[in-house]
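These are the structures in question, set out in turn.
There are two complexes below, and they share subunit A, which is joined by subunit B in the first and by subunit C in the second.
Let's look at the complex of A and B:
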């Protein structure tokens, strides 16, 4: 009964997805595919591709992030113990490096990361400042709810950069109120704990992942392609779309940028685009790009892999045109921000429709609808 | 839950794929197999929430107008309570459900702007002297037939509130919310007695904000807000029937599962409805030029125009960008913020320039002089 209802409720969305798939013009044939070799990829061997992603891209991304966050924890401990200007500089620098490293791990929100709510735990933004301040005041350091926007990098962004006018004010706050110290420590500990759990779980998950060579939801290729797309759409929507107001009738939302207080939004976007491009190209062969080339996937006479890479470069070029703080730019030069948004968004057709359809992968994640009522 | 959904999406995908390649008798409904009625008489139509909000809006508008009589102060707490339906302080004449309020349906980013206008008009209304440049108060027209409460800069805050809220609430709810994807990409199978399918209901709620009877424009009794201004502009713009037809066509399309026609109707509603605030703004800019030397009439007309122009921002398919709207407002009143606008300093040249820019943007250049 409830399944029936659910089916009806989603008919429209599914039909739309089906149309996308069909219209892309390269739909090969249908098959039941639980666990079998992906026939769309002909005799392309998926197994080395999955091994390449797990051992050369995903696990290294987590390891780098974990190592940066371990350094962050050490600097945070140091700053909390001794809130000096030099120690604040160090923890701010460690924060930026960790936040950048996160962008490379963000596309893999499946398996262990999903189990431990890594994305929600590390980067729910924009921060709910009121609730965060209330939690600091009450020294409430329970971060178990994935739906709370009071933790992770956005909370540290406030604590290290947003407590007052300048660094001196931040140091004053940490000196005068022990709650800031404890909250910062609890936030960093929570982040690192999740990360350690994810890294540990990947040690066993990897072999399972490498053997999931089919096309169904939950198979390796499906996880990679869905993860890449979900993260890419978040870059498009949350990092650029929401601040620039393209989703809110042109009313800009400067405070909703990622990393509002530290002002490193644009660096994070650049890194996240680089990361997306690397997920597509891998490091060498056995990548999504090489699989597409193997089956000679084309669109209007051009290789899809070439089109995707050209579009990545175009999006990146537009983002690199932007200078300064994104939160200022949306009010001073929003046309340039909207151009970047459009150039980044243009890629979605290729990544979300053309590529999955020729590879017989269904897009199964649910895109967050805008929060309007 | 996530799993269930994924499997279904996939099965549907594959099903559709097969259907497309070979085969099966898909029951595609031809648009010609259903008829569109000439009035909004469909099964299971309900939009009582919209009717209630329009009722509240009417009461608030009428209360604001009492301040046009010198010495009548407005109660700020009552104004704010009416906007957010705090029934104990609002003192409503009508009966409204607690959950129905105007404020939380107003475009979120500008709710504080409207709160501020209410606070400001309450302050202006405390004046007991005649309004002049630099002093808030009631100003009479030269023939003493009309009187309006203007702030120290000549802005009639009550008019800006009313005409602006037509945009940020009614027009926004129709064009951006109820015909938007969140409210339209929903179930259209399960019919609930009294309200129809979810999609039908959302469409009916969009229609409910138009403020017209079901047999509009044949019947123009009790038309309010957008409906009323559509009718006022109908002589020049012929907008009544196209707007109504788009609502009728969309509802019939939804009830007959014709989503292509529904999408055409959405585009049509947005396009036709924009003519109402745009045409009204041009009309009031013309009126301001005509009565330029009569401050009460000039300020009243400009304040209405300002509210309507501001309201054009709230459609997802607007002909004028927000930046352009700001430009036009600056031409008229020297600033884009209501609190910094000044109508004593307005010039005929600037008003005409604003009118021409707006008319050009909304493709009304050929009729701008007639509005």
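Let's look at the complex of A and C:
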């Protein structure tokens, strides 16, 4: 080795040693991690979990919703044909059951549901009343735009409950204007069509889904977690946040509750919280909760699965404290509504940040639009 | 001081111009393709036209994002100037213009900070002062008088020096607990490629992540040395290709692999490069051996300062308390690449201090998804955003106060709160001083 080369190597070595010393601080900074093992789901068998979700939770939720909507369609046909008080009662009851069933299917807005814009088709709320009335007037029953708020349950909510002061007024409207009848039928048919498409697609999608056992975004686990989170944020923001005014300087928005006319907003919230909890716990031992337990995921010494369930219960308890119509409560007892909002919101950190992080599921809710480094 | 004399003599000895010429041509071409790609992928629209609000670098708040026409004009300028660099046409003004335009586009939105874009700006700056156009260039064809085949070695060494700095500090940043002993975040990222042919299955094994982590750290720390040693060079360069092609395939890192594979050719000798140009005899002939102009004294001092800064910047994090990976104080311009799988949730509240009226903020009303994602992990962005929110709510609120509930989780850990929830971020000064409201752990 020539002198200058040895010199070069020596300088390099000295600089190397000195800087390495500086950076020994890098290790120090992690010492507070209290036994954090970064277990990930590396040796966890995801496949049974995915088949459990698809065959025991997702597909049954769609089937239930589909059968409720089929009943709804029958009752709607009957009411349209013969707008009596008894027939209105039964279509209203069928509407409520279907709307509740939707809450259990809402967390799975991926794959077929995404393809057929199921969520947009069934539950774009708050309803754009002006546009809906104009469409009824013109008998415009084109529901293909996902961004339109003129269809699905919110439209039926208006048609069955919101056309007048009371049921008699609703019956009058349906009797006197054939457009209401046609529009109601078109709305129900559109909903059922989407559902049939989704149910049919799941027959083939299921096996593909069950085999997406990886951890990248778009894999089965990431779809479930993403879906759960999207839906949970929806509960937090649209079902509770917007009406209570926490997102609008305290100015409440009573008419923006889900199911404003039928007034079943709170029942729907309860059902959607139950549904979220079920997505987390599954119906057995192959759930997100059991995956977290398998890797012994903890936060500040507590099991994350326990923390999540406690938070679900806390949120649920606060929502159950609310009695009556949510649209009234935001103006009469908004403090209680805001408390419920906060207790429900608290969960977001656990579901959206902690769970995917400790499972080492790619937390790419947002892909970089360009390159990264 | 034979030590310093030795260095001085070496950097002022003359060397063949050809490694520098190769660098100029490939750098120009790479950046030309990059600029076209950026345009073609619709990123101009997505990153610079869609957002309503832009994050800025400290001290460069005054650099505003211009109207769409000028945004596209700037990128057209990048395409043209980078092509001119490759061709060696009007070399100095074009390189200067490229450097200015490139830096300008980078300053529009700090959300888009990338270490390898920073590297491009630095390389362009160094290139600007070099005589890289004095051979195999249209300038030399136009004005044969400027042709020169020997140049002060300094111009080669400064580029090598930049590469060594980059690699070494990238390696040093990997010398940390997570990278070496948890194989994080590679243990999260590698299994995402389980469907790759042949190696896909291997990538899901934890041991693979450890091998990659350690190899990556050792590569980064020492590759500068191996490239500098003549005997090791061919093997080192083969490793360079292997390393960058692999990372290029596995990760979404854009032009970085090509930039490094081409730039590293600067380590090869003049005679190695000369062989390539022998086929272009007509362009490359120099009739007279002219006197080699020595670099200006100011330039030499400038380089010393430059490299002083290059060494100090990546180390500045030691003067900030807390973990740089969490606080990100001293994170940028430090060659910290691929270190973190990190995500945050930041919920802002704007409160009227007089009436107590408050509102939670829906971030997507003001930021793009990508901006929100970056903001939620970078405290200095939170300050800029809080100030923006205070501004937006002026009029609706008399005396706004903006606080944030922010958690961040990284490298497979549960999340942690990391910002003091009581601090009015719209009122804190925006400076390089430590932000004592960051609760780093």
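We adopt the following convention: the second predicted complex is superposed on the first by the 322 of 373 C-alpha atoms of A that agree within 3 Å, B and C clash if a C-alpha of one lies under 4 Å from a C-alpha of the other, contacts with A are read in each partner's own complex, and residues count from 1 in each chain.
Basically, contacts are C-beta pairs under 8 Å (C-beta built on N, C-alpha and C of every residue); 3 or more make two chains touch, one makes a residue touch a chain.
If you're wondering where the values come from, they're calculated on a predicted model, not measured in any experiment.
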Partner chain(s) touched by A:138 [first = subunit B, second = subunit C, both, neither]: neither
Subunit A residues touched by each partner, larger count belonging to subunit B or subunit C: C
Which of subunit B and subunit C A:130 touches, first, second, both or neither: neither
Touching partner for A:298 - first (subunit B), second (subunit C), both, neither: second
Which superposed partner A:86 touches (first subunit B, second subunit C, both, neither): neither
Touching partner for A:362 - first (subunit B), second (subunit C), both, neither: both
Intersection of subunit A interface sets (partners subunit B, subunit C): 5, 7-9, 12, 15-16, 19, 22, 27, 29-30, 216, 245, 248-250, 362-363, 366, 369-370, 372-373
Contact set on subunit B toward subunit A in their complex: 2-10, 12-18, 20-21, 107-110, 172, 176-177, 180-182, 185-190, 259, 313-316, 318, 321-323
For the subunit A and subunit C complex, residues of the former touching the latter: 4-5, 7-9, 12, 15-16, 19-20, 22-23, 25-27, 29-30, 32-33, 36, 38-40, 42, 214-216, 237, 241, 245-250, 297-300, 304, 348-349, 352-354, 356-358, 360, 362-363, 365-366, 368-373
Subunit C to subunit A touching residues, read off their complex: 6, 10, 38, 41, 43, 46-47, 112, 114-116, 168, 172-173, 175-178, 182, 184, 187-189, 191-195, 204, 206, 221, 224-225, 228-230, 251-256, 315, 318, 322-325, 337-338, 341, 343-345, 350, 352, 357-362, 369-370, 372-373, 396-397, 407-415, 441
Contact set on subunit A toward subunit B in their complex: 3, 5-19, 21-22, 27, 29-30, 216-218, 245, 248-251, 253, 362-364, 366, 369-370, 372-373
